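Notes follow the structure.
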Amino acid sequence: MLGGELRGPKDFPVARLAPSDADDPTAICFAGNEEHLRKALDAGVGAILLPTEAPPVPKPAIAVAAPRDAFAKLLALVDRPLRFDSGVHPLASVHPAAVLDEGVSVGPFAVVEEGARLRKDVRVYAHAYVGERCDIGEGSQILPHAVLVRDVQVGARCTIYPGAVLGADGFGFEWTGEHRMKIPQVGRVRIGDDVEIGANSAVDRATMGETVVDDGTKLDNLVQIGHNSRIGKHGVIASFAGISGSTVIGDRLVMAGQAATSDHVEITDDVTLGGRTGVTSNIEVPGTYWGTPAQPFGQAVRNITLAARLTEFYDRLKKLERRMEKVESS
Amino acid sequence: MLGGELRGPKDFPVARLAPSDADDPTAICFAGNEEHLRKALDAGVGAILLPTEAPPVPKPAIAVAAPRDAFAKLLALVDRPLRFDSGVHPLASVHPAAVLDEGVSVGPFAVVEEGARLRKDVRVYAHAYVGERCDIGEGSQILPHAVLVRDVQVGARCTIYPGAVLGADGFGFEWTGEHRMKIPQVGRVRIGDDVEIGANSAVDRATMGETVVDDGTKLDNLVQIGHNSRIGKHGVIASFAGISGSTVIGDRLVMAGQAATSDHVEITDDVTLGGRTGVTSNIEVPGTYWGTPAQPFGQAVRNITLAARLTEFYDRLKKLERRMEKVESS
Amino acid sequence: MLGGELRGPKDFPVARLAPSDADDPTAICFAGNEEHLRKALDAGVGAILLPTEAPPVPKPAIAVAAPRDAFAKLLALVDRPLRFDSGVHPLASVHPAAVLDEGVSVGPFAVVEEGARLRKDVRVYAHAYVGERCDIGEGSQILPHAVLVRDVQVGARCTIYPGAVLGADGFGFEWTGEHRMKIPQVGRVRIGDDVEIGANSAVDRATMGETVVDDGTKLDNLVQIGHNSRIGKHGVIASFAGISGSTVIGDRLVMAGQAATSDHVEITDDVTLGGRTGVTSNIEVPGTYWGTPAQPFGQAVRNITLAARLTEFYDRLKKLERRMEKVESS
């Protein structure tokens, strides 16, 4: 099935998948590099999935060209969707003017509001809220406790995790001299196809127009996407990353944890932002950036490394000053 | 209605509001500055709301003294509250000892516990939880999936967004030498009038006494307010900002994303904190601060800019050391 | 009851506990240090709990050896669990194949899925979701709106706060050259005994094997624990702290707000991380660390303090260069 070469007994039984340091003689693990391989040999794990070029090992093994991909295939084999009864649960609240296509399931205590459209095979799990005029694409799943406030369009094959909130009002206020006047937020949220929105993340609706997370982009837990922003295709955004309002980001963004953008900045395609990077102005050249303000990676590494040596640096400066005084007075 | 001057045909129909770069010939946009105006002229948007002093433009326009305010008025015109059936939904769970004033609505699967008081025209949406002895002020709305654990007082005209959690226990533990002993948290949360609490934000209840978010203050999504803290009036606090426990903050705070305070600090009125500022000691002078530890803005800009030039700076130091050796040995 | 010495009238009535600056003549406060004591004497609070060595005060007082512990005892006296009707609420949805032990309560609109096990005296509050094959230990409480997606084991006497999400998929994708391929996540989450998981925090399930938060560890609100990570016993982790995937952490960790780890790092026992520390490599020596990259505390303080003086530092460098030119040309 994996197209690999079996190294060991044909009838060795494998009951489950495990990490390389597992003590489970009935499990197979994946050893993508030498460290993994050493761990797997030291631990009690039963069998190993390893690269073709690996040396012979004293355990049953399967050798494949791309062990990581092969392991993902095995994982997919044992994976199964969250349990779900098909059909609309008798304890769901579905508005009569909502449209449910073929194969749609709605769980207990879920709410589907007026004007919502659930396309083919959509699953709305327990406690999920699908607000007015939301449109959920074919095969997407709205997990327990996900909230689509209203006017949220979700593409096909998406997963919205528990606690994610899509379509809450953007954070727009204007100081009148006495108080913060609310700028009404009347826009939408548009989520592309094959998008994942992690647990407790938030994507605000636009003041007008739309806030966009485009095809294939994956958001980790606890990510914030401000109103009017547009994230391109096939990006990944890690936890606590904050995209401020009206940010425009290209395709294939990789944004590490706690990184953030100032509002109204533009970031081109193929940009990677290291952990906690602060983007305060446009990034026009693809590449890897780090630090605050964001700098090309190599430069940031040098600066951040030096910042951790400032004490030594300062001592040398003071010493130089004393030497200078001596020289000047001689 | 806007008190503006019409520049163009009287009968030009406007169907909706749009951003200045929208390609919608039936929309009107707002051009507050030259860049917006250029975008609006380049794009397919039908009409423009612009300042009185703007030059004539080749599109239908309305000229007003304050185009931003006028646009907010238009936005308010097209805004409408989240759909809601009036009255208590048959699938809501309202304790018989809860008090519901005139005009109160409670959505499906919402829970209102014993001793809760919902004042005139309060709306508790689907899946919201209003715990024991919570008191919600006139006209406030508790959106789907908002949670008021218990002993939370909310003023008038507030909006609590989905996933916000008010009144969970403060984070108080004491190390006994063997384990973390919980300090019971028996206090309350008090939210003033006209407050907004963003999606998935948290405001913990006090150990005793109360945690306060005062009148007119707006919290973005994913904000944390620790126990016993007090935030003054008319502030704005952006995403991932963290107010530690027992912090006392004055009026009109502006706190940008990911900024944070150490616990027990005090911050006076009229303070602005830049993105990711770390406040580690009291701030007694109004003004704008940035950096960690928080510094007056101009100083922080210089320091942070120099930190991004440390490599160059270090090279110059090394060069000076070599020159000094030469001088000293001559 | 507190084993203390009464200083003042025997019949002075105390109605409640209050902070030391409260204006409540019927309350008793706790004064652990001189500042608290001064506040308590200045304010209108009625009585004071103070250390045995404190001087006589002009208010009724109780003197004890450890006033903080004594106050915690008083707090525990007035604390009571969130109200709950015993038994399974008629509006709960409990799968027939779930197992509920003696004394279990399930609130309105709560969902308990197939194969779940709720042990003795477990309380599942309103709107909570306990997914397939979750196992909740004796006396634990799952508060309103907490979500256990599936395959989550929770020990005894735990509290899972509202909006916490345990067992969502780990964030694992592989770039194929065209898109992000999802690595299926088929592992579990294991929470030890006496653990607290704060509001809106997230603990992802492992790719395979388990993600662990061990006995006695307390998570604040809005904390993220990545897949495959293991947190030891009796730690405390504050808001916005992010533990990346496959991190291994020892016992008694203290992690302040917004601190974070790179993935795959290991941190030994008895480590304290200051606010916003960024751990990018293993920490093998117990102690206190701060800064990014994480440095021993004293060193970090010096470096961070100097970083706030870079402007001065740079001026001195420039001046030295000019002086050097003068010396060289003479």
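Letters A, B and C mark the chains as written, and numbering starts fresh at 1 in each.
One rule holds for everything that comes next: contacts are C-beta pairs under 8 Å (C-beta built on N, C-alpha and C of every residue); 3 or more make two chains touch, one makes a residue touch a chain.
Note that the coordinates shown come from a computational prediction; the quantities given were computed from them, not determined experimentally.
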Equivalent-chain rotation between chain C and chain B, CA atoms, steps of 5 degrees: 120
Equivalent interface positions on chain A and chain B, same or different at half: different
Length of the line joining the C-alpha centres of chain A and chain B, rounded to whole Å: 24
Residue numbers of chain C (touch at least two other chains): 91, 109, 127, 145, 163, 200, 222, 240, 258, 307, 313, 317, 320, 324, 327
Chain B-facing residues of chain A, complex: 91, 93, 109, 111, 113-114, 127, 129, 131-132, 145, 147, 149-150, 163, 165, 168-169, 171, 173-174, 178-186, 200, 202, 204, 206-209, 222, 224, 226, 228, 240, 242, 244, 258, 260, 262, 278, 291-293, 295, 299, 302-303, 306-307, 313, 316-317, 320, 323-324, 327
Contact set on chain A toward chain C in their complex: 16-19, 22, 68-69, 72, 75-76, 78-79, 82-83, 89, 91, 107-109, 126-127, 143-145, 159, 161-163, 194, 196, 198-200, 216, 218, 220-222, 234, 236, 238-240, 257-258, 275-276, 304, 307-311, 313-314, 317, 320-321, 324, 327-328
